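Below you'll find the structures, each written out as structure tokens.
Each of the next two complexes has subunit A plus one other chain: subunit B in the first, subunit C in the second.
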Partner chain A sequence: MLRSVRAELLKTRRRFDWLLLALLAGTALLLGAGGAPDSLQELASGYSAFFYTLPIVHVLVMPVGMAALTSRLWDAETRGNTRKLLFTLQSRGDFYAAKTLLGLFYLLVLAGMEALGLLAMGRVYAFTEALDPGRLLWLLVCSAAVEAVLLAAFTLLQLRFSSPVLLLGVGLGCSMGGFFLAMLADIGSMGAAVLYAAPFAWFLPLSDMEMAWDTAARQAVYLPQPRRYALLAAALGVGALLFLWGRRAAADREV
Partner chain B sequence: MVLKAFRRSVRAENKKLRGGGVWAVFLLIPLLSAAYGTFSFCYNSAAVTQDWAGLWGQHTLYYALFFFAPMAAIYAAWLWRLEHLGHNWALVMGMPVPRPCLFAAKLAAAFRLVLLTQGWMWLLFFGCGKLWARLPGTPPPACLLWALRGALAAVPMLALQLLFSMLCRSFVPPVLLALLGGVAGFLFVSKGWGLYWPYGLPALGMNANQGRDMLGGQALPFAAACLGFTLLFTAAAALLLQKWDVRG
Partner chain C sequence: MTQNAVETHDLSKVYGTRAAVQGLALEVPFGSVYGFIGPNGAGKTTTMKLLLGLIRPTGGSIRLLDEELTPANRLKLLSRTGSLIENPGFYAHLTGAENLRIVAELKGSDAADIARVLDTVRLTPDANRKVGHYSLGMRQRLGIAMALLGWPTLLVLDEPTNGLDPAGIQEMRALIAEMPRRCGATVLISSHLLSELEQIVDHVGILDSGRLLYQGTLAGLQEHSRGDVALRLLHPEAAQAPLAAAGLAAAARCENGEWLLPPLKEAFLADLVGSLAAAGAGVVGVNRRTKSLEEIFLSLTQGGSGTGVV
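On to the complex of A and B.
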């Protein structure tokens, strides 16, 4: 197992994967900010606004981002068509687990980059609201859990089809589909139930911040929501199941 | 001689597009965008004017600002994919056609694909407007013009993406750069600087999320920006291809 992890780390040399993670974190924060805050009220709710907008932005950015990350993780094997060779040389289970471990490590780095970016933006814009570390941690853990589900699902697709175009196409489709579902969930008759049906949109029901529009004051008011621990557990469970499925698929694959 | 080589290269590029997964992207993204746009149009009937221009605004809102650039980037990356596989790059360097022809042929093939995408997007717009939103009459000719203008505005972006995909052996990073470029384009357009950013041009050309023409009186600067960026990126690519040695 250790040898497989070392081999994966060797493959990351000169691959600049951290740049891809920085791109994803930067895009999410850029979209989440939407522009500099221009009033005292906005400065006073700067972090809350981010806790509300970032899950929405994640629905849009992360499915395609995770498709890209999966494609990067399997890049060497796809381009060199060496998966067959590797499958015959090393334990397939270890090979798959090492790739998954590296993917999870990347998700931690991504969460760290987003947290640092958020703190930096708070400093730059001089938010007057104090940062709630518990809320930040919840956002990062939930985001990483849903991203892990996406990563595991895309890895299964990658194993089956080996096509980066298909992965990115499905990623873009999920991004758009998630956004569509977010709008559907906004409609009273449909309710938030539609969001539970699509794991790629679970960023939203896992969010613990809601927004209401105060028409009299003409400003957004951010309201804390109860946290859905059961859904977080479900995300972790689905991720683990997909990992086991992928590991079995890799073991059973004809070479 | 050069024209003949260019034609041969275009034929080769078109062959690469046959039966590729790229057509799934071509079909799926405008379809989802149309579903989203029409649903949003019908649902927000109080906030959006219930006419063809209003529907156009909803259809192009996220399509032009967020999904168009990565989709075009996928087209560009697909066209370089074969060259980057195995040791094919050495074969490319030894091909009996002028190297800039190769890049120009890829740009032509990608443009054809974007033109078809815009046609597909317009058909979906028309179909959704008539069958789903039940709008009377036909869309104003301006909508067709905006769709075509979007395709033209995509040319500099395609040239840049082809350049990125030529330099980067991996499929994914150029597509993510396009994603970031599109998001930054949204900010550039909202500040009124869309003409100075290749990823902002399609949103301007397609008149994304606007009832009035965003290019009113700016058609010439728009054309100049499209032409200038295209020439700049194509020249850079041609220069790099000319100077580049064979690499394994």
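On to the complex of A and C.
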């Protein structure tokens, strides 16, 4: 297994996967910020605003981002004859597990980039609100869990169809669909219920920050929400199930 | 211990209703260069994939390097095997040496082994170029280099000369022919380029529609398929009587000034030549035509049309 992991690391050389991660983190933060804060009230709720907007932005960005990441991780092996050689050298289970480990490592790097970017933006804009580390951790863990579900699902698709175009198409569809569901959820309770049926949009129900509009003061008010631990556990469970399914698919597939 | 590096017993693989390989009993002796010949779609690649455990057999068994191949010992056995199946796949963003490092990591080979195989396939000067910039011939050689890592006892090469130009084919042929001497490896090589294999193999298996039509030494095959006898005569008209007396009047035919006779035993041929000389036919040449592997193959597979056969 260790050899398989080391082989995966060797393959990352000059693949510049980190550029994709930086692009995803940067896009999420820039869209989440929505421009420089221009009032004392916005500076006083700078981090809370991010905790509210980032899950929404993740719904839009991450499905297509995870499709692209899956493609980078798997493309060389699912499209060419590389597996015919690799499967004479390593077990299919080890091969799949090593790739999954690398993918999870990338999700940690992505979370780290977002955290650092968030802190940097707080410094640059001089937020007056103190950062709540627990809330940041919750955001990062929940995001990574949903991203892991997406990564595992897209890996299954890639193993089955070996088509990066299809993968990106489905990723784009999930991004658009998730964003539409987010709008629907904002309108009424039925929409919120639909969100639970769409794991690619679970960034939203896992968010622990809500926003209300204070019409008198004409400003946004951010309200902490109870955390949905059961949904986080469900995300981890779905991710694990998809991993096992993918492992089986990789092991059964004749090359 | 058997004498064979590869043995299969009643091996078969069925896809849906189509049998790609049927009842195959392959015997590849240790230290041999075994040519696996057949037209496109004969089942060569399927057989090689079965030997490497890349696909599961529908029936039968496989012995590799004196051990029964099972899911449990597959990787252990394959660690002593090098393979090149179809066009090799590479990581185009990495250099040749970096691609080899990945395989070396998985095989547990060291840097010295990488240098050795690069030298063997004459890629050392290009080792640090990206594989994306390699020519087809260089890619094929890199594929062979990957197969050679870890000093394999058995090499399984599926059409390694595919897509190469004549110079590349010649280079690859020389490379493969010297494998048993350089590495002590048994080589199982498939091709539909029959003339290519004829020059490097010592054993042959001829496959058609998933069935083995012939298996044995190349010399045995050629002996088994002894060719016509061609007689060059100064006075062909004087040959009629001796040929009729030998019972060959109907079978003999004259082409381009030569009398062509069906395959004959040595003693019978000697007597015939004596009679012809006595009759004043003026025998100036006796030539036993050895069939090329290609002719033998076509006659065995009844493939006069020879689709896909070069």
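Just so we're on the same page, the second predicted complex is superposed on the first by the 246 of 255 C-alpha atoms of A that agree within 3 Å, B and C clash if a C-alpha of one lies under 4 Å from a C-alpha of the other, contacts with A are read in each partner's own complex, and residues count from 1 in each chain.
Convention: a contact is a pair of C-beta atoms (placed from the backbone, for glycine too) under 8 Å apart; a residue touches a chain by one contact, two chains touch by 3 or more.
It should be emphasised that the depicted structure is a prediction, and the values quoted were computed from it without experimental measurement.
Engineer: Does the superposition put A:35 against subunit B (first), subunit C (second), both, or neither?
Structural biologist: Only subunit B; A:35 stays clear of subunit C.
Engineer: In this superposition, which partner touches a larger number of subunit A residues, subunit B or subunit C?
Structural biologist: Of subunit B and subunit C, B contacts more residues of subunit A.
Engineer: Look at A:6 in the shared chain and tell me whether it touches subunit B only, subunit C only, both, or neither; answer first, second, both or neither.
Structural biologist: Second partner only.
Engineer: Given the touch rule stated above, what does A:169 touch, subunit B (first), subunit C (second), both, or neither?
Structural biologist: The first partner, subunit B, only.
Engineer: Let me test your reading of the model: by the given contact rule, A:68 touches which partner, first (subunit B), second (subunit C), both or neither?
Structural biologist: first
Engineer: Just subunit B (first), just subunit C (second), both, or neither: which does A:133 touch?
Structural biologist: Touch status of A:133: no partner.
Engineer: Does the superposition put A:24 against subunit B (first), subunit C (second), both, or neither?
Structural biologist: After superposing on A, A:24 lies in contact with subunit B but is clear of subunit C.
Engineer: Should A:226 be classified as contacting the first partner (subunit B), the second (subunit C), both, or neither?
Structural biologist: neither
Engineer: Indicate the residue numbers of subunit A shared between its subunit B interface and its subunit C interface, in ascending order.
Structural biologist: 15, 80-81
Engineer: Using the touch definition from the top, list the residues of subunit A that touch subunit C in their complex.
Structural biologist: By the definition above, subunit A touches subunit C via 3-4, 6-7, 10-11, 13-15, 76-77, 80-91, 254-255.
Engineer: Would you tell me which residues of subunit B are touching subunit A in their complex?
Structural biologist: Within the complex, subunit B touches subunit A at residues 20-22, 24-25, 28-29, 32-33, 35-36, 39-40, 43, 62, 66-67, 70-71, 74, 77-78, 81, 84-86, 169-173, 175-177, 179-180, 183-184, 186-187, 190.
Engineer: Please name which positions on subunit A make contact with subunit B in the complex.
Structural biologist: 15-16, 19-20, 23-24, 26-27, 30-31, 35, 60-61, 64-65, 68, 71-72, 75, 79-81, 163-166, 168-169, 172-173, 175-177, 179-180, 183-184, 187
Engineer: Write out the stretch or stretches of subunit C touching subunit A in their complex.
Structural biologist: 49, 52-56, 75, 78-79, 81, 83-94, 98, 101-103, 105-108, 146
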